[in-house]
Amino acid sequence: MTTIRKLTADDYDQWHPLWRGYNDFYRADVPDEVARQSFGRMVAEQDGMMGLVAENAAGNLIGIAHLVFHPSTWTDGVYCYLEDLFISRNARGTGAGKALIEAVYAHADQRGDVARVYWTTQEFNAPARSLYDQVAKRTSFIRYQRV
Amino acid sequence: MTTIRKLTADDYDQWHPLWRGYNDFYRADVPDEVARQSFGRMVAEQDGMMGLVAENAAGNLIGIAHLVFHPSTWTDGVYCYLEDLFISRNARGTGAGKALIEAVYAHADQRGDVARVYWTTQEFNAPARSLYDQVAKRTSFIRYQRV
Amino acid sequence: MTTIRKLTADDYDQWHPLWRGYNDFYRADVPDEVARQSFGRMVAEQDGMMGLVAENAAGNLIGIAHLVFHPSTWTDGVYCYLEDLFISRNARGTGAGKALIEAVYAHADQRGDVARVYWTTQEFNAPARSLYDQVAKRTSFIRYQRV
Amino acid sequence: MTTIRKLTADDYDQWHPLWRGYNDFYRADVPDEVARQSFGRMVAEQDGMMGLVAENAAGNLIGIAHLVFHPSTWTDGVYCYLEDLFISRNARGTGAGKALIEAVYAHADQRGDVARVYWTTQEFNAPARSLYDQVAKRTSFIRYQRV
């Protein structure tokens, strides 16, 4: 049984390897000082940041979801950007990813001021898109970035 | 000669038709109250929002760029989201779009805390992408959105 | 004012040029005998085929939508395939396309056994997709075809 | 040695797990009553539906292909929609998928009224597309669907 709950200060030791696994997936290497700072902002729900975690029956963290709520010119509410989503390798296929996304939706509904929930993924990420196609709408938007 | 400068409170009457043209392009219809509020937040540089405009030699606005600076878990700085970019139909091909993007880059450099400048566009928007491919990098990220 | 109604036997003379315009768009050339037969099947609502038309205030046809209802292994209802959609060049931007799609949805709801309404479009058809993105969900499915 | 033949009433027990595996792939869950009904329609070749199976040397089913023949406004013949194609995990790479597609082509040729054989696949399904690119033509058509 998977439980979804907010990230808390005590989660750091279990959160960190998941964050590292997520970084590895994108061949990224966010410095640990930044990771610690982001963790703190999410736990404190500062700067529009928030974390959700998926916990298995044994009480171990198996997934993380990081949200950034930010303003948009299109709304007087906020946009909810699901910036990071990661499920530990041996918990894939257990429904933890779907449960996290649904918890994001529920949280957005509860806030009441969320005009859009969105995220991005690499177009070739088949396993992720296979899930996303079930619970969301793939838009026609692609991302450009300053070099 | 195109001049790029910050959006100011006096620009509303010229800004509004450009905003409307931009809305039409996306078949969107953001309520005018929201537009007025977003305009105000950009002029006041509140909530991480900011506006830039392109002005032609006659002093008329021919283009707009709206920025949203927001936190990210990946950085202790901020991300700069170029949320809206629009050039009036008869000013297309004058370099105003490129000038606006370069001004965004310059502003980001000047702030000093901007870890990424990014935006999104519809994959089938050939004229826009033709410009973006010159000044930025198309990533492999596509956007998913809650229905 | 645009009216949406079912295709009738009297429409042939106005329907035919729209069908031809649609054929031209796809550089196709369906023989007129086939066109006449398809027209007849749609008017008679035979073989799961049906036609809707958009008529302007002057009573002229400005758009056509052709539906094919077919079985699917995924449902005990039917799928509604919007096979053809065309708006005459000088009626573009009047909302006729959107009105036709909404009429298709309404018709599907009224039938009560329609498990899916879908259609396809070329990925580079910007004007069409700009509309479709507003009223539907772009899926991740692409079409393969025997050579 | 792989044999391709039509689906028969006796195949249900071996067909069902393949159908389930196919459902799992798409994270879908078609109710078993619908599955039973679709199975029956394919065996009886009712409503334009038909099934083909791939059998290994030991006489076990290792793959399924489901066809829906439906009318089209573009032809006085029919279109053959290869709606479902699935090969059991441990029979991948044995050529069963290709053999099924070729049998679909042969069946279409034999019928004599098939104007097009087509199917769709998720754009990120690399293993499937790797096969399809060998035996068919990827079109530029993408699917939109009512939400």
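Chains here go by letter, A, B, C and D, matching the order in which they are written, and residues are numbered from 1 within each.
One rule holds for everything that comes next: contacts are C-beta pairs under 8 Å (C-beta built on N, C-alpha and C of every residue); 3 or more make two chains touch, one makes a residue touch a chain.
Since this is a predicted model, take the numbers as computed values, not measurements.
K.L.:
So which pair out of A-B, B-C or A-D basically repeats C-D, with more than half the contacts the same?
P.N.:
Comparing each option in A-B, B-C or A-D with C-D, the repeat is A-B.
K.L.:
Consider the two chain pairs A-C and A-D; indicate the one with the greater count of contacting C-beta pairs.
P.N.:
Of A-D and A-C, more C-beta pairs in contact link A-D.
K.L.:
How many angstrom between the C-alpha centroids of chain D and chain A?
P.N.:
Averaging C-alpha atoms per chain gives centres 36 Å apart.
K.L.:
What is the distance in Å between the mean C-alpha positions of chain A and chain B?
P.N.:
26
K.L.:
How far is the middle of chain A from the middle of chain C, if each middle is the mean of its Cα atoms, in Å?
P.N.:
Using C-alpha averages as centres, the distance is 40 Å.
K.L.:
Among the residues of chain B, pick out those that touch two or more other chains and give their numbers.
P.N.:
Residues 122-124, 147 of chain B each touch two or more of the other chains.
K.L.:
What topology does the chain contact graph adopt: line, ring, star, complete, or other?
P.N.:
Contact map by chain: other.
K.L.:
Give the pairs of chains that touch; include all such pairs.
P.N.:
A-B, A-C, A-D, B-C, C-D
K.L.:
Which bits of chain D are touching chain A when the two form their complex?
P.N.:
Contact set of chain D toward chain A: 26-27, 122-126, 147.
K.L.:
Looking at the complex, which residues from chain A come into contact with chain D?
P.N.:
Per the touch definition, chain A meets chain D at residues 123-126, 129-131, 133-134, 137.
K.L.:
Which residues, counting only chain A, touch chain B once they are in their complex?
P.N.:
28, 30, 33-34, 37-38, 41-42, 47-49, 66, 68, 70-76, 81, 83-84, 105, 108, 116-124, 132, 135-147
K.L.:
Looking at the complex, which residues from chain A come into contact with chain C?
P.N.:
For chain A paired with chain C, touching residues are 129, 133, 137-140.
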